Structure formats: structure tokens, C-alpha cells
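Scrolling down, you'll hit the structures one after another.
Each of the two complexes below includes chain A, the first together with chain B, the second together with chain C.
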Partner chain A sequence: MKKSFILRWTFFIGSVIVLPFIFEHILSISVESLLQTGFFIMLSVSLVLLVGFAGQISLGHAAFFGVGAYTAAIVATKLGLSPLLSIPVGTMVGALIGLFVGYPVLKLKSFYLSLATLVIGIAVYEFFKAADPLTGGEIGIYDLPNIRLGNLEIASPLARYYTVWTCALFIIFLCDRLSHSPFGQRLRAIHSDEQAAECVGIDVFKTKLKIFIFSVTIAAFAGALFAHCSYGSIEPGEFSVTLSIKVITMVVVGGMYSVYGAVTGAVIIGLLPEIIRNLGSFAAMDLTQITHIQDALFGVILVIFIIFSPEGILSQRKERTDVTGKKCLLSIRGIESP
Partner chain B sequence: MVILDILIHGVGWASIYAVIAIGFSLIFSASRIINLAQGEFVMLGGLFGFTLYSLKIPLFFIPPLSGLLVAIVGITMDKLALSPASGASPTSLIIITIAISIILKSIAALVWGPTSFRIPGFFENRTFMISTGIIINPQYLFIMVICAASILSLTLFLKKTKLGRSLRACSMDPVGARIVGISPEKMRTLSFATGGALAGLIGALIAPIFYASSECGLNLGLKGFCAAVLGGMGSMPGAIAGGFIIGLAEAMGASVASSYKDVIAPVLMIVVLYFRPEGIVGGRS
Partner chain C sequence: MLQVKSVSCQFGGLKVLNRVTLEVNQGELVGLMGPNGAGKTTLFNIISGFLTPVEGEIYLKGERITYLPPHLITRKGLVRTFQNVRIFKHLSVIENVEVAIPQSHEIGLLRGLFPTPKTKTIRQLVKEKALEYVHLVGLSQVALRNADSLTFGQQRLLGIARAIALAPEILLLDEPSAGLNRKETEALSEIIKKIHSKGVTIFIIEHDISMLMDLAQRIIVLDRGKKITEGSPEKIKEEKTVIEAYFGERRKCLV
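Take a look at the complex of A and B:
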């Protein structure tokens, strides 16, 4: 366990360091195309805790990403605060909205929850588009300041890449620890059987609310970082339902039941289009056309995975040791004895 | 006088939302699937309508023909994606229908491009004034009539014909329906065909006032879906009531702050969902 943990993290950190050089020199793709994948990782890892572990679906994750981004951007441009302050503000506003939204919504069961989150996602997106004086309407907000640490300004693509991916690594670590903590066990218990979880003394609603707020806060943080550390501008289209569905696709493709599965899914869904786009035959095509083809492919991949492999690539149907050190099977419905 | 204007446009849109909501409800009651691609069906109806129009098909035949074409799309979707996934959790099925809506939207954007298309109305350039300042497009009245007619004929189909009764039996109890020789799978396909036909019809009908484009599906689907949830998923009177509440609330909201028009329906739906998850009319939980 300990050894595999060290090995895994050496691999992670090593590949994060090496990846931009592979992309720039071997595949000759700009480092900027890697930025997006970093944000995808944060989003999918935060969502897998909610969907895979607690069994509570959210189809509106992009909304919280957007809330974080817009809050940070508005605070930075309208009030002139430095990004080092506006990012925490964006994260906190996201968490607060998560509390207000989560409290009523998490009382809903089964598909009503997915519908409510979906509709909230759409409502927030429409709000970004409509609230012109605040959010800049369809155009969005541009000329966002870069992060500045003392005299050091994080401006070059490579610096931004390392900032984003360091944050992503930190969030992976956090979520991984959380999923192995007693709290993570409680989440799995809720996923397996809410009534049974209630019977052994877990406050189901409170636990659900906690994980919802945690997940949403990470999404809002990712959004705030996105505002200051990506392309210097944000527009409502980036936070539409399509993004929520993309994140769901990552979680489904990578594996619903593990943090590393979500990372795998995010890397596949994030990097494949960039690599494909730079292959010769596609380069001649119109950019919007490529986007439409990509979207259609996401849809097809999602349908295929749900039908044929609902557990994802890194399915966890394998032997593991449980808390007592006994061998057990970790499956869709939580922990079963072999 | 503004009130009259709001009322006529409000009722026009209300009947449109009601028909879209009925599509949702019909598919849900027959198959327990919430088909979030319904808005894309409406969008396809409008775009098929435009293609038929450019093929010089008489205006009168365009809505029924688009309905037929979209019904075929609905059947294909059911056969290709939903029947292999039968038995998956409700949430997985919802995600599948969203994935299909994305696929349909992207394909439509590839085929028809980003432009908006308009089909001329049946009573082109014959707008009339009731009094000064109030101009009414007769297409709205026409849409109301057709919506009422299609709701009526659907009710007759469900109540009077053998096929319609089997569909309702299946929505009450799939196992019981199977025992008396009705195939729930066939009924699911039938519900997708009917839902698709309704959506295609309405899509072609609103193209003269709404401009069909590959982007318009999400919004229309959302309103119809909110109407269906508001009234109570799976209930036809509920869908009609929900459509009217949303249509009128939106028309009133638009006269106050038009840019926030599209936020009204989701907010209304969430409020109702919180206090009465089974909807205003729906009694079954």
C-alpha cells in the first residue's frame, strides 16, 4: 500500500513535469492546450466524490465552476483586487451558493436530484448571459489580471501550466485522502443503502450536504483559477451544460468509483481531442466544425460506456483489503465480502 | 391594452410549451425515461420543415411530414441507444438522453450550419391590428388551434383506441401489461414515435415565428420539461397546466425584464420541485 502510493505519486509528479516537453517538442502542440485538461481533472475529481462515492448525481457542475470564475473575475476587474484575494473570494462564494442550492436540492431522491441540478446549471448559465452590467452578457469578461506572487507574474504558458497542474495534483491528493478516510466510508455506506446507513448512526442528509459543498467548493476554486490562469477572458459559453456533461463523461469513462479513475477519464477526454485536432487531416477543417464533431463523439462515447461498461475503464471490481485488513470485493454497491 | 398583448402571446407560447411537455410526459409514463432530447426533436422538426420548404413541398404538408421524420428519429434513438440500456438506473438513462441531445445538436449544426431559418407562415403578411399598437400575428392563433387539436386527438387516441389503451396500461403497470400480452418494449418505441411526432409537428409550426436553428432545442426543451415537472411528470392535464403557467409567467416576466425571460421557467420549476416533487396536478409519487 505504502509502496504503491509512493510509486503512483512519483509517476504523477514526473509526468506532470515531463508532459509539456513531450507536447511541445515531440507532438508540437502548444502547452496552452494542456491547461484545459488540468481544469478538467479538478472538476472530474470533485464530481467523482459526489457521484461515485456518495451516489448523488450532479448534472450542473459547470454552474459552480462558472460561479467561481465569474465571482473572481468580477471582484478582480470591478473592485481591482489582486487575484490572490479574488480566487479565495470566488471559492467562498461558490461554497455559499453550494450551501443554498444543496440544502433544498439534496432532499430530492433519484432522478429528481439530477433534474434539479441540471436545471440549476441551465439557470445559472442563462443568468451569466442575461446579467449584462455585471457579467458582460454574451461577450463575457476580458483583460483579467494574471496571478502575481511578489515580483513574479505567472504569465507564460509554461508557468500557467505548472500552476494549474500543481493545484490539480493537490486536489487529487486531497480527494484521494478524503475517499480513504472514515468520511469516505460513510459516503460509500450512503451509496450502498441510505436506510442502513441511517440505522448505524450516519446523519445521511448532513453527510450528503457536506460532500456536496466540498465538491462544489473545489469546482468553484477551479473556476476562480480558470479566470486568472487560463486565457485571460471568460465567456458564458464555457460554463454551459455541455461542460457538465463532459465532466460526467470523464467520470463515466474513467470509472465511477475511484479518484484515479476520474483522473484517467479527464486526461483521456481532455487530451485526445487536442492530439486528434493536430493530426494532419483535421487541421484543414473549420474550427467550429471540429468542435461539433468532437461534441458528437463525446455523446457517442458516453452512450457506449453507459451501455457496455458502466463501471468505466478503471473498474474497481477487484480484490482489496478493507479497514480490518480482510480481503474483500469493492463493487458498485459498496463493499461486499468475497 | 398591454395586458391583451401579453395574454395572446402568452397563451400562444403556453400552448407550445404544453405540447412539448406532453411529449415528455407521454414518453415518461410509458417508459419511465425522461427524454431530455425532446427539445432537440423540436429543433429537428423546425429544420426538417425548412428543408421540406426549400424542396417546394406545399406549406400545408410540412408540419405533418416533419412530425413523421422526427418520429423516425425517435424510433431510431429508442432502438439504438435506449433498448440496449434497458435496466440501467434512471440517472444513467437520463445521461444517455442528454448524450443523444448533444449528438443530435452537433449533427444538426454540421448539416444545417449555424444560421437560423424561417419558414413563411400560412397567413404571411396578414397581421391584423385589434386596436392601436397591438399587432397580432395570426400564426399565433393558428398554433393555438393546432395545439388544441393535437391534444384532443392524442387524448382520443389514448382513451378510445386499443393501442392507446395498451400504452396507458403499460404506464400503470408494466408487469401487469406484459401478463395480458402487451409488450412494454413495443409501447416504449410507440411512445418515442408519438413524442417525436408531436415535437416535430410543433417544431415546424413555430418556425414562422421562432426561426429554427441548431441552437434552439435546448431552450425549448427546457421550457417544455419545466412545464412537465411543474404539472406533474406523466400527467397530461398536468403538462397542459404547467405549459400555461410557464407560458403566461414568461410573457409577464418578459414585459418587465426581457433579458431574464429564460431564467423564469427553471426557477419556477425548482420552487415547485422543492415543495411538491410530484407536481401540481400529479398525485402519484
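Take a look at the complex of A and C:
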């Protein structure tokens, strides 16, 4: 267990370090495209706890990403706060809105919940577009300050890449830990059967609310980081329902029951567009065409996976039927197999 | 231990329970029987907090629990099982039991994220306890399998392991032998006796009369939402009203 943990994380950290060099020098794709994947990882890893583990399908994850981003951007530009303050503020506001939204919405079950979160996603997106004096309307907010640590300004694509992916790794670590804790077990119990979960003394509603707030807080943090550590500007289109669907696709593709599955899904879905773009430039298509093809493709991928492999690529359920593990556990406890 | 006072329940125009009053004393093993639709499971649902009665009260150890949510009733020491098992299919066998162990609930979201040395001790303790219960019902060989890969009989045993992991003072079993074969039923009887011998009060719905005769000290009979009689198994066996409830009156049979 411990050995596999060290191996896995050595692999993760190693690949995060070398990935930009492979991309830039071998594949000749810019580091900026990897930046986006880092945010995708944060979003999908936080969403998998809510959707995969607790079984509460939210289609409004992008809204909280947006709330984090806009709050941080507004605080930084209008109040002139440093990003080191505006990022926590954005995260907190996301958490608060998560509490206010989650409390009524989580009383709903299955697709009523999905529908409600979908509507919230659309409403927040429309708000970003409409509240011109605050959010800059369709144009959004630009000239966002970079993060400064003392004299060090995180400005170059590579520096931004490392900042974002370090945060992503930390979030993977936290979510993985949570998923293996008794709290994670309770989430899966709720997913299996809410009434039976009540019967083992689980406060189902409170547990759902906690994981909802946790999940959207991470999304808001990712958003706040996105505002200061990506392209220097944000616009409403980046936080539309399309993003929520994209993140759901990552979760489904990678594996509904595993944090590492969500990471896999995010990496695949995050890097796929780059490959398509490369193919597109071969076929001499213009950029808007490519974007539309991408969005259509996500839908197709989602449907294919839901039909043929609803548990995703990395399904934890296979891991758990490990025979040697069983023997090991029984021998440790000194219980002979009957 | 458990008092049900004049409880009625209504679904639309249908009166499912009609002023049912009964009592289960500390350390007793009481059977609840009655033909289909008599309201047995509804009564369990009311006691365990899934339904609220239109009238009447439920008391547990002298404390009113009528309008408490199910998880609080469970924490007060009243635990139920379900007729259709309802194990957690997204968890392994041992995890099914682990989530039920009260100490594991001490580890919330925050402690899950940032465990302390104490958290680790608790988790170790929980694992050991869970294995003990899994062993008690004879499932240690499949402890790490997915719960949904078990046979129906094994799932039923797991349901019972999960229930006793909650350290109940009173256990409500809803038709534990339904769908089991003879051999499995016998094994189940033994387990129920074992649990009872440890001082757990048991209230059990059962259709298998021979099993109930063997287990129960007292039997309560419901029919069409009313308690028609109660008494020792021998008495119930002879009771005319019970035979009528199950098979109808003699006259009707002849027609």
C-alpha cells in the first residue's frame, strides 16, 4: 500500500515536471494548452466526489468555477487587492454560494437535482453576461494581475504551468485521501441506498451538503486561480454549461468511482482538443469550425461511454476484488478462512 | 424498551394501521406476524422513523421518538434491517460493516482530509471490529469482495452483520428468512439466537411460523392494520382468530 503510494506519486510529480518539455520540444504544442488541463483536473477531481462517490449528479459545476473566477477578478481589479488575497476571497464566496445553493437544491433527488443544478449553471452564466458594470458583460474582465510572491512574478507560461499543476496535484492528494477515508465510505453508502444509509446512522442530508460545499469550494478555488494564472482575462463563455458537460464527460470517461479515474479523464479530454486542432490545421479548417466539432465530439464520447462502459476506464470496483489482498488481510488479523 | 401507543397510519383513504398498541420489553425476543398487507412493515417503517403516524406515539427507553429522523433513532440504539436486504453495493463486504460502526462516524470530512494519529487508531479499531462482525456471520472468506457479488443469502447475512455493528439495544428484523433455503434459514436462526443471548432485544417480522415458534418468546399478530392477539407461540398456534386471519373463516372456505 505504502509502496504503491510512493511509486504513484513519484510518477505523478515526475510527469508534471517533464510534461511541458515533451510538449514543447517533441510535440511542438504550446505549454498554455497544458495549463487548461490543470484546471480540468481540479474540476473533475472535485466533481467525482460529488457525482461518482456520493451519486449526486450536478450539471452546474462550471458556475462555481465562474463564481470563483469573477469574484477574484472583480476584487483584484475594482478593489486593487493582490491575487494572494483575491484568490482566497473568490474561494470563500464560492463556498458561501455553495452553502446557499446546496441547502435547498440537495433536498431534490436524482435528475431533479441535475435539472436544478443545470438551471443554476445557466442562470449564473447569464448573470455574468448581463451584469455589465460588475462583470464586463460579453467582453469580460481583462488585464488581470499575475500572482506575485515577493519579488517573484508568476508570468511566464512555464511558471504558470507549474503553479497550476502543483495546486492540481495537491487537490488530487486531498481528494484521494478523502475518498479513502470513512467519510468517502459514507458517500458511497449514500450513493448505494439513501434509506439504508440513514439506518446505519448517517445524516444523509448533512453529508451530501458537506461534500457539495467541499466540491464547489475546490471549483471556486480553481476559478480564482484561473483568473490570475491563465490568460490574464476572463469572459463569460468560459463558464457556460458546455464546461459543466465537459467536466461530467471527464468523470464518466475516467471512472466514476475513483479520483485517479477523474484525473485520467481530465487529461484525455483536456489534451484531445490539441490533437484535434493539429489534425484540423492539416485539414485547413478554421478555428470556430474546430471548436464546434470538439463540442459535438464530447457529447458523442459521453454517450459512447455511458452505453458501453458506465464505470469508466479506471474502475475501482475491479481493484477491490483482489484475491491476494484478501489473504493478506485475513492473515494479518489471524482469522483462518473457514 | 419499546412502546408503540395507539399508532395509526393512513395512505390516502386506506387505513394501514389502526390504533396499534404494543410493547417489547428489555431482553425479549418478540415475533410479529400477520398475513400480507397486515401492516407489519409499515409499523417497522413508523418505528424506525421513515414514516410518521397520523396519530399515536412511539417511545424508546421511555423517550418519545415519534418524529425523529431515522439516523437519530438509529443512534439511540434502535436498528432495523430491510425485507429486501439493501446492502451498499458500491462498498466491499467489510466496508459495508465499517460504515455502520459508530466510531467511524467520528471521522468527518475534515479528519478525512487531515488525519491525526488518533484518526488512525480509530480506523484500525473500526477495521478490527468490522472483521469481527463479518466473521460472526461467517463471511470472512468474502470480506474484500464487492458486496453486490454476494449471493442473496450472503447479502442477508451481511445486512445482519451491518445491523449488529451498530451495537443496537433493540434490533428490528424484517423477514430475515425471506428468500433463503432451509439450510440458510437454520444458520440464520442460530445467528439470531447468538445476538439475542448477548442481551440484544429483538423484534422480528417472520412468515416462517416454525422458525418463529423456535425463536420467539412472545408473538404479536396483526391483521388488516389491527392487533388481533398476542401471546406465547403455543397459544398463538391454537388461536382461532389467527387461523381465520390467515385462512379466512370456515364458512367462506366452504363457499
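Basically, the second predicted complex is superposed on the first by the 314 of 338 C-alpha atoms of A that agree within 3 Å, B and C clash if a C-alpha of one lies under 4 Å from a C-alpha of the other, contacts with A are read in each partner's own complex, and residues count from 1 in each chain.
Simple rule for what comes next: a residue touches a chain if its C-beta (ideal position, glycine included) is under 8 Å from a C-beta of that chain, and two chains touch if they have at least 3 such contacts.
Everything quoted here is computed from the prediction, not taken from an experiment.
Asker: Using the touch definition from the top, say if A:Tyr257 reaches chain B (first), chain C (second), both or neither.
Answerer: second
Asker: Does chain B (first) or chain C (second) touch A:Pro104, or do both, or does neither?
Answerer: In the superposition, A:Pro104 contacts chain B only.
Asker: With the two structures laid over each other on chain A, which partner does A:Arg148 touch: chain B (first), chain C (second), both, or neither?
Answerer: Touch status of A:Arg148: no partner.
Asker: May I ask you to decide whether A:Asp203 touches chain B, chain C, both, or neither, giving the answer as first, second, both or neither?
Answerer: Second partner only, chain C.
Asker: Contact-wise, after the overlay, does A:Tyr112 reach chain B, chain C, both or neither (first, second, both, neither)?
Answerer: A:Tyr112 sits against chain B, while chain C stays out of touch.
Asker: Output the chain A positions appearing in both contact lists, the one against chain B and the one against chain C.
Answerer: Shared contact residues on chain A: none.
Asker: Considering the complex alone, what residue numbers of chain B touch chain A?
Answerer: Going through chain B, the ones touching chain A are 34, 36, 81, 84-85, 88, 90-92, 94-96, 98-100, 102-103, 105-107, 109-110, 114, 218, 222, 225-226, 229, 259-260, 262-263, 266-267, 269-270, 273-274, 277.
Asker: Can you list the residues on chain C that touch chain A in the complex?
Answerer: Per the stated touch rule, the residues are 48-50, 69-71, 74-75, 79-80, 82, 86-92, 94-96, 98-100, 102, 104-105, 107-109, 111-113, 115, 123, 126, 128, 131, 135, 138, 140-141, 143-146, 149, 162, 165-166.
Asker: Quick one: which bits of chain A touch chain B in the complex? Just the residue numbers, please.
Answerer: 57, 59, 104-105, 107-108, 110-112, 114-116, 118-120, 122-123, 126-127, 130-132, 241-242, 245, 248-249, 252, 288-289, 292-293, 295-296, 298-300, 302-303, 306-307, 310
Asker: Give the list of chain A residues in touch with chain C in this complex.
Answerer: Touch list, chain A to chain C: 174, 177-178, 181-186, 188-189, 191-193, 195-204, 210-211, 214, 257, 317, 320-322, 325-326, 329-330, 333, 335, 337-338.
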